[in-house]
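The structure under discussion appears below in the form of structure tokens.
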């Protein structure tokens, strides 16, 4: 790829890491909180993940003053592209009104897949940290067989856990068997959860209801990886004395440099596909 | 599942294995070439895989006389279901005219996934058999990352090969990396094939063209798993002295009992889904 | 095994876990700090790990008063066996003088092997915790291919790290290759350490000397698993800005219940071998 | 290593492969059946594996005339070394009388370890070939946890078999557990063999006796990898209708080039250690 001019707009440490990685690859980098909001000359503006936390200003903790989203949209010139992560529909529509090319890198499937790697490692770290037994030779149940479920299963199997996966689709059950895990249908969950040492939830809906939690053993550690509000009846779990950890945003916490690298690779893919 | 009455219609040894497995599960079984074409009383008729080889009669090598497809369609009664494998559109349309419920079990995704297991083992056996080196520590390239590609990669990695996978989609490249294989884009194939000891093709189109084969090392063994006509320019490969094995129908050859079991499980899924 | 009478003598939480596990298996248990130092009737006395911290009294943090080792030796009767962990030669000799049967369960090879499992998990947790990248796809070097080296390599490979192992013996190099890791001779260390993201030391002698550390990249995380004084020139590492974690006693910290279970199984093996 | 002069003495295709490999590494090679028994000038004479089949002459199938061992010993000069494989004590003693430096490369542990790789692959090929089910998801029992047992277990686990290992030593049981296989004591064999789909024997003594075979299921496939006379009561197995394959010399059959490479590496180790 030919060297490009990037403006790194807002963001936290991960944006700094990303700026370094782009610089190491030979690109020209301007960092907004150091060198100011200089939109001139740059080809691509890299916004933070998430894009905004208040729906009004850019997520830019290192800036002293707030940066209204409108200011950014107004400052952009023809031919410039703004890439950021986790952009709400509202902002997307606004960008369209301004005629701005706005791309959500967090929406890209390759990023979601690769982000599942630090997420899985973070979950493994939490499991080792918060239990009195080893993952090795323990019974581990993963709820859901999407990106995180698949990669977490692969790692837990590699550490030596007995991996059970709960899935709905006949097709997923076939995949689970073919990859040497034990498949559990959702209708068989209640009979099986009592034998589990660890349960990892990846399904973003209330899957561990009051009723299901009653079949759990108290010693079981639940790690909920589903985005807010998660998949566990937390109140009920607490009442039953079952430990639950709701782990969010693991890639940025557990492996910020790897996470920045994944964003960089995704940005490169977007650039290539769009011929920027 | 409640015991059902099955008529096993035509088929080869795999149909006999399937009849035994259904019988062991407590079902009532009639085998057509032994007990005649008795369509009365049975709930489900299990046809062979493939359903027909001449587009006119049932694939029934153990029968002395040919069984025209029309005879079967005419003999079937309301409420009966015919399940067979690899049914052409022509037969499907004909069945509709007769008002027959005809289901293709070979079309089901779970069967295709599970069939990839004996296919992968068969490919591994061929690779060990037809080379002077071990798979362990060899460079192995898989073309395509669909069902067979994924399961074959998992097994070859488990044996200790260095697994490279060629894929097109950015999403597949991410999956390949996340599962610890090395990803090769199709545009990088020519630079990389020369280092490969084994190449397994799973893509059903001419992927190893004359031009691409010229970048191969002569010692490389190619195993083509794609259905006819395969993905290799066989003439050119022969001219260049590159060994190619076009391996078809591996599940039935390598593991007929496992293959029968997979069909059985698929039939059970169909029964459950349709409430038969 | 027939139920036996155990006196749990001293020890920390792990001894309590062990008492529970023995109780669950149907044995009769007396716990010294609750029920007093009642040596009568018991078949086997289970001392702590380590046996003593001051070479004079039993390691017994839950006891209000110190328990001199001599008192224990004097109180024991013919036919009773004392099993404890990490017993120094001095105590062994003293026990012989008293005619006491004293067995060191920490000395047993099966315990050392099984203890390598929680040690490896603890090391993995530390590696995830103290780095900005994932273990997956990182370059990981293990110094030594003994118990911990072998089990740690297996787990790291399972998580998706690129595993390099430094070993001296030609025989170990062959094992390393046969298990799909990359072998590095000790004379090639200096050329290779610069590419490593993580280095795990398992060799209990000064292996990472001043001179060797100079070939390290500053970003490398060193986790030293060797017992005191460890295998790293810690001062030099600090000077060079290389992060080192000296991790000791991981089984008890990371997985006390698993650790207690390992001790229990070892005690059972001792009982069976000695026909107690 | 500096280029050396090798005389390749006798041997079959593997010796030719070895000659090629040494030549590719830059050494000077003379092949006895082509260029004659020219002992002059060479540093190292590489004899075949096995050294002799009749205890009198060199194993040299490509030579028209027999080569008596004595002639070789007499022809050798001071400073020359003869390396061959599988040398009987008788020949070793004779060599000493002649003052000849004779080294058995087949005796070396690294060769034995690395040879277990093609042996394991050959066993896997036979298992796939001679059964009607897949190795994946089958129950597989390995008798013995030495070199072949360890490497075969690793590969079978990688393919997705449920791996059981029978071992005697408490220490081996711990290793088996720590590597995620299921351990079976020899006293529990009879209760467990009935559930096995495949049994691989690696123990060179009569382990599958008449009595033990009676607990087998008839469908079980036994692959005996132990050197002659093997570890199975073959007559009894035949009587019971249990299929047994006694597989010998797999490295040379399954992967002659890999096998030659292993010999080459071993020869290099001998050269280095002896400072030749």
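A, B, C and D label the chains in the order they appear, each numbered from 1.
Just so we're on the same page, a residue touches a chain if its C-beta (ideal position, glycine included) is under 8 Å from a C-beta of that chain, and two chains touch if they have at least 3 such contacts.
Worth saying up front: this structure is predicted, and the values here are computed from it rather than measured.
Asks: What are the mutual neighbours of subunit A and subunit C in this structure?
Replies: Chains touching both subunit A and subunit C: B, D.
Asks: Would you mind checking which chain's C-alpha centre is most distant from the centre of subunit C?
Replies: Centre of mass proxy via C-alpha means gives B as farthest from subunit C.
Asks: Out of B-D and A-B, which chain pair has the most contact pairs?
Replies: Output for the comparison: B-D.
Asks: Let me have the rounded angstrom distance from the C-alpha centre of subunit A over to the C-alpha centre of subunit B, please.
Replies: It comes to 36 Å between the two C-alpha centres.
Asks: Give, as an integer number of Å, the spacing between the C-alpha centres of subunit C and subunit B.
Replies: Distance between chain centres, rounded to whole Å: 50 Å.
Asks: Among the residues of subunit D, pick out those that touch two or more other chains and give their numbers.
Replies: 117, 136-137, 154, 160, 177-179
Asks: Within their complex, state which residues of subunit B touch subunit D.
Replies: Residues 17, 117-118, 120-122, 124-125, 128-129, 131-137, 154-155, 157-160, 254-258 of subunit B touch subunit D in their complex.
Asks: Report the residues of subunit C in contact with subunit B in the complex, numbered from low to high.
Replies: Those residues of subunit C that touch subunit B are 136-137, 160, 177-180.
Asks: For a test of understanding, state which residues of subunit B touch subunit A in their complex under the given definition.
Replies: 108-111, 113-114, 116-117, 151, 154, 170-171, 173-175, 177-179, 269, 273
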